[in-house]
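Read from first to last, the chains carry the letters A, B, C and D; within each, the first residue is number 1.
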Amino acid sequence: MTKIPVGILGATGAVGQRFIQLLEDHPWFEVAWLAASERSAGLTYAEAAKWKMNTAIPERIGKMKVVDANPTGAPKLIFAALDAGIAQEIEPRFAAAGHAVITNSSAFRMHPEVPLVIPEVNSDHLPLLENQSWRKQSRGFIVTNPNCSAIGLVMALAPLVQEFGVEKVFVVTMQAISGAGYPGVASWDILGNVVPYIAKEEEKMEAESKKLLGSLVNAHVQDADFAISAQCNRVAVEDGHTESVSVKLRKPATKEQIISAFANFRGKIADLNLPSAPKQPVFYDPAPDRPQPRLDIHRGAGMTTSVGRLRPCNLLDWKFTVLSHNTIRGAAGAAILNAELLKVKGHLD
Amino acid sequence: MTKIPVGILGATGAVGQRFIQLLEDHPWFEVAWLAASERSAGLTYAEAAKWKMNTAIPERIGKMKVVDANPTGAPKLIFAALDAGIAQEIEPRFAAAGHAVITNSSAFRMHPEVPLVIPEVNSDHLPLLENQSWRKQSRGFIVTNPNCSAIGLVMALAPLVQEFGVEKVFVVTMQAISGAGYPGVASWDILGNVVPYIAKEEEKMEAESKKLLGSLVNAHVQDADFAISAQCNRVAVEDGHTESVSVKLRKPATKEQIISAFANFRGKIADLNLPSAPKQPVFYDPAPDRPQPRLDIHRGAGMTTSVGRLRPCNLLDWKFTVLSHNTIRGAAGAAILNAELLKVKGHLD
Amino acid sequence: MTKIPVGILGATGAVGQRFIQLLEDHPWFEVAWLAASERSAGLTYAEAAKWKMNTAIPERIGKMKVVDANPTGAPKLIFAALDAGIAQEIEPRFAAAGHAVITNSSAFRMHPEVPLVIPEVNSDHLPLLENQSWRKQSRGFIVTNPNCSAIGLVMALAPLVQEFGVEKVFVVTMQAISGAGYPGVASWDILGNVVPYIAKEEEKMEAESKKLLGSLVNAHVQDADFAISAQCNRVAVEDGHTESVSVKLRKPATKEQIISAFANFRGKIADLNLPSAPKQPVFYDPAPDRPQPRLDIHRGAGMTTSVGRLRPCNLLDWKFTVLSHNTIRGAAGAAILNAELLKVKGHLD
Amino acid sequence: MTKIPVGILGATGAVGQRFIQLLEDHPWFEVAWLAASERSAGLTYAEAAKWKMNTAIPERIGKMKVVDANPTGAPKLIFAALDAGIAQEIEPRFAAAGHAVITNSSAFRMHPEVPLVIPEVNSDHLPLLENQSWRKQSRGFIVTNPNCSAIGLVMALAPLVQEFGVEKVFVVTMQAISGAGYPGVASWDILGNVVPYIAKEEEKMEAESKKLLGSLVNAHVQDADFAISAQCNRVAVEDGHTESVSVKLRKPATKEQIISAFANFRGKIADLNLPSAPKQPVFYDPAPDRPQPRLDIHRGAGMTTSVGRLRPCNLLDWKFTVLSHNTIRGAAGAAILNAELLKVKGHLD
């Protein structure tokens, strides 16, 4: 079987590198095109990228030429890892030229015609893409995955929403430095420190969570009806966002029922056998002091969300800790899973 | 003027070392007696202690002999820095023998006859000590300061309680490793990691906050009437507990009014000129990304609580970040300030 | 094919855990017996071990009962991960009872009848084990692998010794905290810090290097003839020992010749196809700022030694940087590779 | 007494901030002029600087206007904290306009007419400044202090050079991230990592050490005659460069003699009572595991060099560990001490 050629926009950045790492040996997709800023165009990928992954650059990729971010000659399927400002301008150009743009950027996440998708949670939002003018004109479209801090929270909330309903959510994050890309956070700012601020992060978590857990009604997403308050902090962790969460449910649940809800959650793609989908989307760890980024981040090849410390909350109903790999489940892996879903759903045909 | 001789119980541990560091050059108190476990007794302090402060052992202290934890020969005023299990047994022995035991241990904090005191917040709880049987028999007593994570929170809540009333409190902590003493947290557990669990810490924060903000009514402390939910995490920070807080007030307040309440708070000891009392108990920092442990922990010689990022909360009313030095304001410095208060109030006569 | 059952002495410690992790799915060996201290005996492994690996406890292992460190009932092949003091006493007991003890402990490394082996470097030292009295009496024996800091150095020196001869070696290490086991290094000691001391480490590096690079002459190891000075530091790194090395060669070599020597080194087991042997024992990285622990530690599944920054030295001839995974190549992986070598050489028959 | 007004070139950067922090309350100097890049000119200092010190911006300084880096209106005495490329161009402009430029930049350190000075070590090199053409024309001049990694090494070598002579020096550094300024080292590169490369650092250490320990002969500096090989690494430490050093002396010395040489070293400014000169330039710590950055960096207000672990070396004579505060003794504090020396020597008249 021939693999589907894919392109990467923003291939030299940290998320671009993670795309390359995760797509090496992917059963369906094969990296065929690498684009980056003008400065990099014309160089080999090995020359252009400051490779910061902890596995070597795949040899074939290292020798590929990096090109300009121009649709001409690009494969139909494009993974995008651009900064929001640049994505705002370039992604529509590719969509207009007929490309399927699967992006990790925040630029179009909240656009009413752009699906913001976590396959297990809201794969049924995909038809939204048919509303896009690009789709109508050239068959191109944009599909987005959520912010790295929103995705862990929503993965943990989805089983609760499904089984009991959720009315209120309080969340405080402790986010890894890799979430800010490279060079990203200065070591001067984070060694032995906590920075209680990440620009626009709280707003993204609050807004994206509601869209993700919302419903597609009459070809429009209706936000989920719950209140949410987020506080975002940066900590000296390399990979893995940890979140202290408290929730008020819409109907009573015992500790056992909630743990069951987490453990049994299979989401909306359970029978699709997508290559990047973890067998267990949400894992509940009964240990008193887990999950922890250093120990639990690799569960499900970085695609499983770990939950632990479920206990009653004096203000809402229950509190617990969530951990999610921010550059796999929270970025490149999320986009690849979205592409796999689009493929089996026929949107790439 | 002759200084008051003081003794330190648990002098070789991390908090004991901080007592020695802070009492060097104290205008009223002078370390005259050092007690530790049997293993250390008979050695000089320099031999007995694995000194881990970032200033040198004061020369005079290094040469002092460490003795057993026995009241005979100990000065009247004792600072205690023992583990809770040991404190449970030893502190009453000293109180019964007529000593004023000013302790950082959790053993007696919630005892109904033992004052749990932050001078700026509830200096008026001190008379509770007159209820103690030790006091009646031998003039000895025990006075405690709160847990290192509770004290920052309560310092930040006190101005709000005073001006507007507080009804609900959410708090998630990111606590420094020094809070666990030495050797304390294994580096294997915390380098590049977050540990979402500190034994009994959430319970302490919740219970102590209510006692501290409560009222002395008929010689008993009546807990403050608010709901509180705490989640405690350990992070890779050396000193300084950071806390993400959300509060519901009892009457409406604007951002300016709240900032004023923080900035103008002087507490109940404003006119006492206690040597360890910071000029400004609570400092509000208007910068978007502060307070941060590495940069702000030394404010007010480690005795000022820093607050920042005040903004509306979607669930309660307001959210903000609090930072407090956990081994100065949260341990040895708190006890010393309590001793200063006891002195000016005549309880040491 | 049936796998060979193996036992692990000291199974609950950090190195014991790494043995379990690496032996999961091993093609030749299968963990069949787990021993630890009396405190753990009788518990399941999941109950007894504070599991600190970043993959889950294999399910089958978690349910196995931990037993006392007693030879009765133990498999013939034993991997030992005991502290030196305990190993000193227990390992001979197993050897005397007929067991093949493949140990990571330092207790017998310098014993004249015990092979200290890195297969690629000195697999020909193995016959030394025939001198052991245990061998003669019961067929049991002890074989050791080197200290975690010595092994990276010797892997990098071996190609130079082979091609040019080595006369003098300077080495300064920056060692990961995992080298000290769990709980090991206190976070108070290493966060934002360097500790310029590791007990007995410099002596081990110096002595073991000479034995490893020595020759078996008349059934005795004759130390290699070079001078070596080691300085050992602990740094805030989780896994991976980095070493700044300077060497004086016995005959002149160009930069290209030295890089070739590293890159072409296959060692004494090239044609044995041992499952844990890396294809490339030593990898030379031409980048100006490599190797680095976070990025390069996983090369060759943690069994390849990375070298970089080869440049002339003003005092000796050449200087370079070496990186080696201290708990894989420097501990459990080293022992497993030794066992594989013993197997193909017939010493386990 | 009126204080001498001083200006700071590059006032908003990390070293500029340290100058401001250290000059607050200086008995002789008073900050009167702050210059930075065009982007900052016209703003108040509080607006222009991303303040990263762990004490607050002095109130008076925060309100001062930042100006362009133009000699007009600048005080005679200028502290310079510019990047080397910019310093290359701007510092001569100030010297030509009659200013005393006391700089931390590397631009002119190795210039044959520019003194490279550590007062305790080579205050007698100062007359070199009389050779400068600027001096002859306008009375202006440039005086430099060494690189942050060279200064600790040279402080530790100076007593040995003085008492025994030094023939060979081997040094491996483990340098703090603050040495790279702000934002400097990316957290992605250094959290849990070692970077075995700092651009041009080894060359600077080797060359500057020889000039610093050289002699002024016929109005020219003759380099000291010893061989030196440096290897420089970056580690996850905030402040403080640790160095593993090995030396060959010119005449035999016992351990006691060497420790005496360190402890008794007073250098060439012992009787000058310079305000920033530490009472003890070099402190020898007999503990087996010191010096350590977190614990020992503040000795002598950051101006004392700490030495420990003196022991025999198998290759040269002796090895030991050196620690020096890289942004105080290694940057701003070094320049201020140079200015104090220039003042008492009459070069500022």
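Keep in mind that, in the parts below, a contact is a pair of C-beta atoms (placed from the backbone, for glycine too) under 8 Å apart; a residue touches a chain by one contact, two chains touch by 3 or more.
This structure is a prediction, so every number in the text was calculated from the model and none was measured.
Peer 1: Looking at chain pairs C-D and A-C, which one is connected by more C-beta pairs in contact?
Peer 2: Per the contact counts, C-D leads.
Peer 1: What chain is the most remote from subunit C, judged by the mean position of CA atoms in each chain?
Peer 2: B
Peer 1: Let me have the rounded angstrom distance from the C-alpha centre of subunit A over to the C-alpha centre of subunit C, please.
Peer 2: 39
Peer 1: Between subunit C and subunit D, what distance separates the C-alpha centroids? Give it in angstrom.
Peer 2: Between these chains, centre-to-centre, one finds 42 Å.
Peer 1: At least two partner chains per residue is the criterion; list those residues in subunit A.
Peer 2: 52, 189, 191-192, 236-238, 294-295
Peer 1: Note which residues of subunit C are touching subunit B in the complex, please.
Peer 2: 14, 52, 177-178, 182-192, 236-238
Peer 1: Which residues, counting only subunit B, touch subunit D once they are in their complex?
Peer 2: Within the complex, subunit B touches subunit D at residues 52-56, 191-192, 238, 294-299.
Peer 1: In their complex, what parts of subunit A are in touch with subunit B?
Peer 2: 168-170, 172, 174, 189, 191-197, 206, 227-229, 231, 233, 235-238, 242, 244, 246, 288-295, 308-309, 313-316, 319, 321
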